[in-house]
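Let me begin by presenting the structure, written as structure tokens, before commenting on it.
Per-chain residue numbering starts at 1, and chain names A, B, C and D are given in the order in which the chains are listed.
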Amino acid sequence: MRGLIGEDILTEEGEFIINMGPQHPSTHGVLHLKIWLDGETVKRIQPNLGYIHRSIEKMSESLSYRNFIFATSRMDYLAAHVNNEACALTVEKGLQLEVPQRAKVIRTILSELTRLQSHQLWWGCTGLDLGGVTPFFYAFREREAIMEIFEETCGARLTQNYMVPGGIMYDVHPNFQKRVKDVMIQIKGKFEEYDNIMTGNVILENRLKGVGYLSKEDALSYGVTGPTARASGLSCDLRKSNPYSAYDQVQFDEILDTGGDCYARYMVRMREMRQSVSIIEQLIDNIPEGDFQAKTKNVIKLPKGEFYQRVETPRGELGVFIVSDGAASPYRIKYRSPGFSNLSALPIMAKGGKIGDLVAIMATIDLVIPDIDR
Amino acid sequence: MSTEELKNSITAILPSSTFDETGEFLNVVITSEELLPLMNTLRTKSEFDFDFLFCLTCIDWKDHLMMVYHLLSKTHQHTLVIKAKIADRNNAQIETVCNIWRTAEFHEREVFDLFGVKFINHPDLRRLFLSDDWVGHPLRKDYTDENMISL
Amino acid sequence: MEGKLTFPGQIHETTDGGILVTKLDDVINWARSNSLWPLVFGTSCCAIEMMSAADAKYDWSRFGFEVARATPRQADLIIVAGTIVMKMAPVLKRLYDQMPDPKYVIAMGACTISGGPFFYNTYSVVKGVDHVIPVDVYIPGCPPRPEALLHSMITLQEKIKHEQYFKKKIEEIR
Amino acid sequence: MRIFLSYSFSALATFIHSFLAGLISNGMFLLVTEMVITGVSLIVFLVLLCFFLGYMERRVAAFMEIRLGPNRVGPQGTLQIVADTVKLLFKEGLTPDSSDKFLFNLAPFIMVVASMLVVAPIAFAKDFQLYDINIGVLYVSAVSSISVIGILMAGWSSNNKYSLLGAMRSGAQIVSYELSVGLSLISIVILSGSLSLGDIVKSQENGWWIIKGHIPIIISFVIFVIASTAEINRAPFDLAEADQELTGGFHTEYAGMKFAMFLLSEYINLFVVSAIAATLFLGGWMPFHIGGLVSFNHIMDYIPSSLWFFGKTFFVIFIIMWFRWTFPRLRVDQLLTLEWKYLLPISMVNVIFVTVMAIMGWHL
């Protein structure tokens, strides 16, 4: 088959190649996928990254241990608190600093609120990607309520930079407890609405069930983490296995599913939202009094050595690897971002599916491209 | 396996390896040529069973490059860090581990892109983040760029 | 009277093209300013705030901005929401070129204005999107609030209201 | 005055005809003049209708999505669509360099013409019909499928892979769903015994078919609404455009007024499909009558027939919009599965039921 300008639009093997992205509504940012198609069926995918590679790792090498945290808010901007927490924890590990209990609890509450709003945004965008526009607006309604809490707490809606080495930057607003409780009541009432509009929908079930299968072995081999891996039955919740902050003080379930398909990933996230609400409710009445920040020196210098901290972001395992040579800024920083490894499993998940399936898979992996590119 | 047992077992396999226990994890320092056999053993032998490579990166120590592999076993819940020293900075190359852990494919491409380490037998070794015509490897300490404004 | 019939008195050339042209310009400017369809284009954090501006709380559909088009051919406006890196710059330029005239650009957030937080010690960030494409309105912030985005779009509307489409056409003909 | 009281437009038509006949003596010329007047007024009417539908769509969407929708441009945002149209008119009409320029520019016109043609046999009110073709139903189903040619033309000539995929999807989709639409139309034809839309409306004098025809006709109505939603490429069947998959589908490369024509034809199609559904199943302009209740029927007759028609049509339009803003999109193979495995067999069996019903005279 020949195109109008005489150029072959099919390859010699009869494949039809399309480029999805960098600007494409369903790639959630600027991801470029080169797709080999046979009709509508995806034969091969090649992700092409780097359209938002902002050299955060290089930049951090010249920033002090207090300053480098801000860039991580821009990495996974839907989980800025969690990213900041990971960096703060790594620095604290290097300094062998004990964080006050109050800061730990507040960190945990904020992390779970972050997870909740991230999952809500994911839910809305999944609806959007599958062609149903309305869920997006329902999700954002509750998300805005959480955003208001963030804003009241630290003045920023998205890129908070609130967790600092030693604890949190400032104490929470006096309204904090009341507002969080109000929002939790609001959100708990809305889960049923979410289920009504999306989960029970027969079209949605058909679009997601049996699509984008990822086996447990593949998930492990590709380093897939977070809800994506847990939907394949791979237990990898770091909040359970390597508890940090105040996660050892709360009761919650690690959500596992064995489906391995898009629907399982969808359900895992839906159920995780309820767990997050439960964690917040356990902690919100028990914020201990006391300091919110441990005393640190003005210029933090980490001892010579290597420090690694893993935390569970809404998308999976974030690893912060700091190599210190004893100076006031890190010698090398490596962020092991969850999306990066999760994306690497996309080609095997999407193989053999339709273009519509590919969109559904990308939606349920929950990609955040700046988190992948860094 | 505890740290001590790990140490003993690895010494039995690879007597030339040195250990560093200052950090959180047990670090094993080897040379780049010893990497692939050791990694294969660590993955396949059931007493190790390191099935999860959770981080793969490189550090530029100015006179040499150091590949760092963070390994975890989901079955035994033990962690190990393998450090492979690449002495030749100008012609840095090491065997790929992406046949053992698939996740290494992307991570190695990232290291190739940003550090210029060539991975032997890698299936698709291209630049990952930067465009193909980029000159240099930015995360090396001696990288200079006229567009880079230093504070 | 034989011969040429001349108009009694003098004809003054109006400076801005006369009442018909100005009124037509007003109509077009009114239409263009009230119908800014943005391109679905977001690279990073600012894109989330752009989505927030579309949601029920801020609701840019009140101004008729909600018809976000996925294809540059049908868009009037690029909101550059997020950092532009060297690899993305040619793509952005191409997207801009693919848009039909008249086209407008809003540089949203510090990264697009100057590189923002990624100004120093970065090797891949374009330090200001105006190195790549012309910008009409800049909004500072990291990221700017949705209200700020709405404000910038209203500012752009005001800018469009001062355009002189027909007058320029007539001048070209002359 | 009499015109208004009788709620019939025949007096108006006669008046215009006699007025023109007074001016123009040549019969041929008179006919052409009348055609031109009708054509122009129809186009103006349809464009205005599309303005309204566009506005309605955005407000209905906003209503479903708990937000406000356009309310700044003009009173309550009513002029929003006017602004959009004027903007699109003065937008650069791009034709991509590598496209087939003739087909590329022709495709939008084919789309609009195909959808406008279908309006001809629709009865807008009592005695208000452009042309009551005796094979009206056949005409409607035949002409409405011309639009697929426009879509294929647009997709192919754009020389864009997304457009081509969108056009191919649309081709498969429209050809398949045509069958179900046809079969559900046939069930009404069987009951009313006529292909003429005027006769079909008159056959519902003592009750609309959806009431008289019992469950089989309700099934055909549901199938008709589903299948025709698919035929006019609207969500959840908008695979040909599928923003999230194909960026814009067959109209990815279209800009300015040419794109506006696709929008225009989309809304005319929406109106036409709803009007056909209202005519065949909900009695068209026929007021709500119950056989035997003379006084009740008289009271219903006081509501103008055009109000009945537009009321029903907009009810169907609202349902189709409701679909769009609540359902996710189907996948392309599921779309065809739905048609070939479910809708088509059901409507075939349904036609048998309707035939039996018609023979036995079980309908009211």
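Assume a residue touches a chain if its C-beta (ideal position, glycine included) is under 8 Å from a C-beta of that chain, and two chains touch if they have at least 3 such contacts.
All values derive from a computational prediction rather than experimental measurement.
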Per Cα centroids, the chain farthest from subunit B: D
Look at the interfaces A-C and B-C and say which one is made up of more C-beta pairs in contact. A-C
Could you please state the distance in Å, as a whole number, between where the Cα atoms of subunit A are centred and where those of subunit C are centred? 33
Hey, how far is the Cα centre of subunit B from the one of subunit C, in Å? 48
Compute the distance, rounded to whole Å, between the mean C-alpha positions of subunit A and subunit D. 45
Averaged over CA atoms, how far is the centre of subunit A from the centre of subunit B? Could you give it in whole Å? 25
Within subunit C, the set of residues that touch 2 or more other chains is 55-56, 70, 87, 120-124
Can you tell me which residues of subunit B touch two or more of the remaining chains? 129-131, 138, 150-151
At least two partner chains per residue is the criterion; list those residues in subunit D. 65-67, 243-244, 247
Can the chain contact pattern be summarised as a line, a ring, a star, a complete graph, or none of these (other)? other
Pairs of chains in contact (touch as defined earlier), listed by label: A-B, A-C, A-D, B-C, C-D
The residues of subunit B that touch subunit A in their complex are 22-25, 27, 51-55, 57, 59-60, 68, 70, 74, 77, 81, 101-103, 105-107, 110, 114, 127-131, 138-139, 150-151
Sort out for me which residues of subunit C touch subunit D in the complex. 27-28, 30-32, 34-35, 55-56, 59, 61-64, 66-67, 69-71, 73-74, 76, 100-102, 165
Counting only contacts in the complex, subunit A reaches subunit D at residues 3-5, 9, 16-18, 24-26, 40, 127-134, 136-138, 141, 197-198, 201, 203-204, 206-207, 354-357, 359
The residues of subunit D that touch subunit C in their complex are 58, 62, 65-73, 77, 79-80, 82-88, 90-94, 243-244, 247-248, 251-256, 259
Name, in rising order, each residue of subunit C that touches subunit A in their complex. 39-45, 47-49, 51-52, 55-57, 70, 72, 82-83, 85, 87-88, 91, 95, 117-118, 120-125, 142-143, 145
